[in-house]
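In what follows, chain A forms one complex with chain B and a second complex with chain C.
Moving on to the complex of A and B:
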């Protein structure tokens, strides 16, 4: 749903007056942002998440698509430390014993404390190409024995490693938010700017378009637009289709923020002064008005990313977003769609924890940015 | 006020016309026309549609004619005959019947969650604004962020799992198996209630989180204004002052969202209903999308948008009734 109110917190009185006005606006923003502890913590989490995105191949213990028929729905194996100190510090995980359910003949895997699989750093494992270019086969932390895999977060229906899939899924899930926001940013800035600066007829027309887009309920629009995406499209094309759908719906909010800022800035004394000084329209917009609203725009952009991530998750969960073999957090959660599966393999919900943590961190960052967006207040 | 109303109604008509055109465009997006999909489906089942039947259907939907001719046929059938077309995945039943069957429960869910959201959000929001930066405020803020970050369906799955594992509740659905085909009696009502409180709670969580943030922010904007100081200086007791002035202003978001109840009748909290297997309108819509049953989907979009537009008007009017400042701005411009 669309929230219609402007959220603004009343200024805390902890803002020490800047002596001599030496600090740049961005420095002031950073000073206030730093005080928002949760936002700072959120920023660390978000940076870490994007670090994972960049180095997914090395960080994942295996390939996200490697199938292991012998270990379907295998529970998570926990890393343990060998305390006997026989030859230095050693890490291991317990292996599985497999039984068949006497009634359903399904395989049931249990972690067996009697079996040990050594685990090391930079272990040799599935071969991959780093960023699609550099061939390598080392993984940051994985089973030392290439014939016996270790699944830190268990496996899914086809015996694929949930942990590796979460790490690789971060690529799609986290980038779809950025790409989507980038597109909405361009649209929102353009139309919001025209609407706010010129006012009058262009404003009226653009406002009608925005109202029109907002009057179509989000979920059915997503659903029906994604139903129109042909099934035979490849993962990449589908990815861009989904992103476009998300941003076509998402830009209206940003356009409203930009328009509101333009309206209030237009009346400011410094804009009048610039106009009286004979500045051209372009100079007034880009040299005087845009810089003084950029912090607000950045704050609203940050707030928009988590919404897009949740949107992708929901669409893929319903089977209308990305589809296997593409890996995203929503696609992974699709595995856990019904309660029976969740009962047999609760670890399939762990991708949801990844969504939750990332979205929470991004919300904190956005909140901190919004509070510190106007350092002169 | 009257001039405002007339102008708004005029814009509404234009918006609705644009919505209907866009909806029909979406309907015609998937490749292949409706009747050939229908034929293909019939062949899959091993049935063959007679040429007369096919011709009748083609004529009924105006297939083979131009986009605007088809649109005209579609929209006039809806406006003048209430005929939204048929849903082929549901044995060619009329779309309007299918939707009507499920409106009751969807409506109940929307109203119940809305009441729950505001009943929880108001006291907490007011408290955390008045006692800004107190432990209680931090707790509310933290809860708010968590509520906004959890995907609803995930919360539903986890809670269902917990309920099944530790409380032996039968998961999802509206009724337990023993009441499925029973006639309505007290037991059946209680059984339905025992299945409904969980979805209501889950849907309310994210809404409550957002509502608390909005109330808090609105109230914080008002609390330090001169009129509050003036009222305090006049010796008004703090609680009376709070409820009479700033809280009244902070109620505006309630009125500006009350109109959203209307589309909620039909949207039926889609994702939660699917996960928890509730017979609201939501799963019907998803089924339509998955089967590319475009007349069903189109009807949903059209009805939902119409209700949203009307709902927004109701909200605006309610807001004007509640807030004299807004009323005056309407009258002025």
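Moving on to the complex of A and C:
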């Protein structure tokens, strides 16, 4: 054992004051991510989207399934500010006048500037159970008159509020991405880890499987897999079936990232050093290798979420994913499938905007994370 | 055929016919199409308490040999006989990972690259403390005290315990690497090109640090280097390697004064002479490249580049043999050729 205490004098060149080096790796990642403006903006949008998901019941002006036969295909009502009323500032929206088309007998709703419906914050409206437990009936922003609804983004074929449905649809569409990615994450980490750490025959086998899965065109694979989902399954079972179908393909990309990182890390001197320090296999992997790839893995996970969202949207749009009464952005877009509907009720395309904005924001975040994943380069 | 330890020293570690072959694989199913003979039947003795240098050109297998001793690579064949403190000997080449564990703390490695060998995501405390935590299962507090002590020993301030390596210079990082190697009070330290990546100004400091540590802790070094100037300063004995084989061994001064292998002569002629007034030595420029370890020439592997090559060199492989007391050479004409060394002062 070493017993001598040596206070060694060092030449000045090597005793130069050490500046910095106190920031943890995650802090360095954050410093670089912060400089990526677009990614930062994307992160704000994504956080907002998940905030909406969490508080969908309050934020939506009404129930997503409430049907209003009198107002089918009603156009969006715009919130206006009235300063002329006696008691100061008031918010209102114009009501509808309904006419019947003399030829088709279809009801045509037009916004009538003559009618006013007051709009307030925390208005009493459709009763709901917050997170399925707490009963309440207040909505953040809705019509003050329970008998006269206001549709900020119009209504669909059954007179359901598009705005409320988009907010509630976010719940399914955004969570399916996370759940799907979580499943892919487990599969990708497992198979990529085996492939990269052991190499040789297991690697060869796993790589061929990945290549096989990647070479199947996704759409036909989705179609056949979702056709295998029994019709009588409830919305929840169907939701998980769709998630599984999405992650069957999703894990391959992540497995390749993990494999590549393992391959390059295996050759690193500091991993050899850990082995020579007497670390066991588990400690080498989890303490010395995994921290060096966690930021890469998180970056590729973020990039995988929008793919999942688009996959769900595409499947549901084709009628193979979730189906009514479940509400998701893909299900909503199903309403806008034919050109006639789009012509008469273009607001039914707005769920597409929600998909677009969210996916774009997530891609920006993923991009920023990828660029800042390795702060030591 | 064992290279006899020169003086009366007791050997700490000896290799017998140590061989490491890497298969060359090609194609979809990894068919073996050839073999790189990185280390090919090396007999080497490292006497306790001394510094043995392993020299040779890039790609001659000296690093692979060093890493085989540490069992980073499992050797293809041969023995690594390690003499324990209680006088018994053990063959490290025959042990499995579990059996190796006690020796992992007695034989340590200092890496060449001070940047790649320190995990950028760990603090100095975590890096240097890792062998302590894993092997001795020390508490966090004890580890911290020991690491602070180790940093002081290698000339770093203990205040830097919780800093990450990115803040440190190459020389300082190499000190951290040395502290990690010393953490478990080793007997043998393999320094694999430990100063090659450093600035010349810092190099001397690290060399002196290694020398001081050797005096304080009775260390044995295997000093792997391609820099013969550094080797002359550090080593008691030198082993010269060429294409996976040891071609000459001997005490440093004797070998530098009178090499016994044409390859050593060529290496020594390339050492820069710091004295401009000194008579210009004739530089021997070797023809061609280092022989390919996957396609070793017949006979003496050095014959295609050797100025003294005869017919016998093309056909017969020269064995490493005792030429003079404490001197071995693997040249058919060792002792018969008049080879030039470095002029003495």
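Note that in this section the second predicted complex is superposed on the first by the 356 of 377 C-alpha atoms of A that agree within 3 Å, B and C clash if a C-alpha of one lies under 4 Å from a C-alpha of the other, contacts with A are read in each partner's own complex, and residues count from 1 in each chain.
Following the convention adopted for this analysis, a residue touches a chain if its C-beta (ideal position, glycine included) is under 8 Å from a C-beta of that chain, and two chains touch if they have at least 3 such contacts.
All of these numbers come straight from a predicted model, not from anything done at the bench.
Once the two complexes are overlaid on the shared chain, A:320 sits against chain B while remaining clear of chain C. Once the two complexes are laid over each other on the shared chain, residue contacts for A:356 go to chain B alone; chain C is not touched.
By the touch criterion defined above, A:306 lies against chain B but remains apart from chain C after alignment on the C-alpha atoms of chain A. With both structures placed on the common chain, the touch criterion links A:103 to neither chain B nor chain C.
Of the two partner chains placed by the overlay, only chain B lies in contact with A:223; chain C stays clear of it. Touch criterion met: A:212 reaches chain B, while chain C stays clear of it. In the overlay built on the shared chain, the residue A:346 is in contact with chain B alone; chain C does not reach it. Once chain A of one complex is fitted onto chain A of the other, the partner contacts of A:276 are limited to chain C, with no touch recorded for chain B.
Overlap of the chain B and chain C interfaces on chain A: residues 1, 4-10.
Of all the residues in chain B, the ones that touch chain A in their complex are 11, 14-15, 18-19, 22, 26, 29-31, 132, 145-146, 148-151, 153-154, 157-158, 160-161, 164-165, 171-172, 207, 210, 213-214, 217-218, 220-221, 223-224, 252-253, 256-257, 260, 263, 267, 270-271, 274-275, 285-286, 289-290, 292, 297-298, 300-301, 304-305, 308-309, 312. Chain A meets chain B in the complex at residues 1, 3-10, 208, 211-212, 215-217, 219-221, 223-228, 230, 306, 310, 313-314, 317-320, 333, 336-337, 339, 342-343, 346, 349, 352, 355-356, 359-360, 363-364, 367. Those residues of chain C that touch chain A in the complex are listed here as 29-30, 70, 72, 101, 104-105, 108-109, 111, 113, 116-121, 130-131, 134-135, 149-150, 152-157, 160, 162-169, 171-172, 175, 180, 182, 185, 201-202, 205, 209, 212, 216-217. Chain contact summary for the complex, chain A toward chain C: residues 1-2, 4-11, 13-16, 18-25, 200, 204, 268-270, 272-279, 283, 288, 291-292, 376.
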